[in-house]
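I have a structure I would like to understand better, so I am pasting it below and will then ask my questions one at a time.
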Amino acid sequence: MRRELTLSTAPIHEATLVAARKMSAGMGAAVYFTGVVRGTEESQTIAAIDYETFREMAEHQFHKLFDEMERRWPTIESARLVHRLGVVRVNEPSLWLEIIAPHRPEAFAAAQWLIDEMKRTVPIWKRPQP
Amino acid sequence: MRRELTLSTAPIHEATLVAARKMSAGMGAAVYFTGVVRGTEESQTIAAIDYETFREMAEHQFHKLFDEMERRWPTIESARLVHRLGVVRVNEPSLWLEIIAPHRPEAFAAAQWLIDEMKRTVPIWKRPQP
Amino acid sequence: MIIRIQFWSYFKDLTGCAEATEELPLGATIDQLLQRLHVRFPKLVAMKNSTLIAVGVEYQNRSHVLREGDTVSLFPPVQGG
Amino acid sequence: MIIRIQFWSYFKDLTGCAEATEELPLGATIDQLLQRLHVRFPKLVAMKNSTLIAVGVEYQNRSHVLREGDTVSLFPPVQGG
């Protein structure tokens, strides 16, 4: 499984990422998730979220998740994940994910699984900014 | 729920579609699915698929599905769906879908539901081209 | 009454045409229409159990009563995506 | 042995620092380290049940035995996405 992980303070340019997709002839499904900063956090109006990470551990934990994903869904060809760090304003993406697989079900299942697991184990934290 | 349906022989430009996204401050999740023509159909190598539709009925059936989606997931802000018609070559997208919602679970659930239902009720047919 | 019939996908290949008409008695059902069409286009018979039927833009089952001016569409299982 | 400790997210606010060191007897566990830290940084006590602990880049539980040169990270539940 091809994997590409980016943890960066740079804005996420989804159109550029999508345009750079590589997909072999056996693949039929690309599932994307874009997580966007919402205007409220626990019913408080916010302007932005400041994301902090313990980078070395986050990278290690993401790669463990990619390894596990490969075991669970061996047909997946590629996973690309971008998580933005630092201050991300409301309405801007903080997370972008692409899963490429031969068919829909495993692409959707893996995408949801990866986000759920990331939220459980990858050391990234949010600080809402008023 | 905002809805946008395109059934067209024009190539699907995902990057342009993504760049045109509209999302209000309460929305946190955008789920995308891109269905791409695979190089094999029932274990035969193919070069393309020719998609035919009964357009008037397809549009009606899609709008019934959007209505039902709105009932099932009332928080969804927007659904955009593009299905390409005519000859679509291997590795080109034939289907593109965007669901925008406040949170991940309903966006993923609705995206999968819509594709499943489309494959059951919307009159579009494939003819593999050798 | 005159009923217009549309064939879609490979049903056009099986019948050799995209459209046809049938004259049926008032109150005839889709089932009666299908019996006529199976005589006229015998290759449709093998598809009997997988044929989908719409009147206008809505799916209907075989007991549905047709009306003057209806357009009936016959087609194989759909396969979008 | 000297153990280096890193605090992350609002644990830095609670302790007032991003890093600290503790000298512990050979064979000491994470639990023993936590007891020391709870005395030194009492605001961490309230977070006791939700504190996540890593040694290096791997999660470890409280019975894990520490070794010279280990870096222990303490942080609240993660919230990526």
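Residue numbering begins at 1 within each chain, and the chains themselves are lettered A, B, C and D in the order written.
Operating definition for what follows: a residue touches a chain if its C-beta (ideal position, glycine included) is under 8 Å from a C-beta of that chain, and two chains touch if they have at least 3 such contacts.
Everything quoted here is computed from the prediction, not taken from an experiment.
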Tell me the fewest steps from chain B to chain D, where a step is a jump to a chain it touches. 2
Considering only mean CA positions as chain centres, point out the chain farthest from chain B. D
With centres defined as the mean C-alpha position, give me the chain A-chain D separation in Å. 28
So, in whole Å, the Cα centroid of chain A is separated from that of chain C by 48
Provide the C-alpha centroid distance between chain A and chain B, rounded to the nearest whole angstrom. 22
Scan chain B for residues touching two or more other chains and write them down. 35, 115
If you look at chain C, which of its residues touch at least two other chains? 81
For this structure, enumerate the chain pairs that meet the touch criterion. A-B, A-D, B-C
Which chain D residues qualify as touching chain A in the complex? 6, 8-10, 52, 54, 56-59, 73, 75-76, 78-81
Under the touch definition given earlier, write down the residues of chain A that touch chain D in their complex. 35, 51-52, 54, 56-57, 60-61, 83, 94-95, 115, 118-127
Chain B residues within the chain A interface of the complex: 14-16, 18-19, 23, 25-40, 90-91, 102, 104, 107-108, 111-112, 115
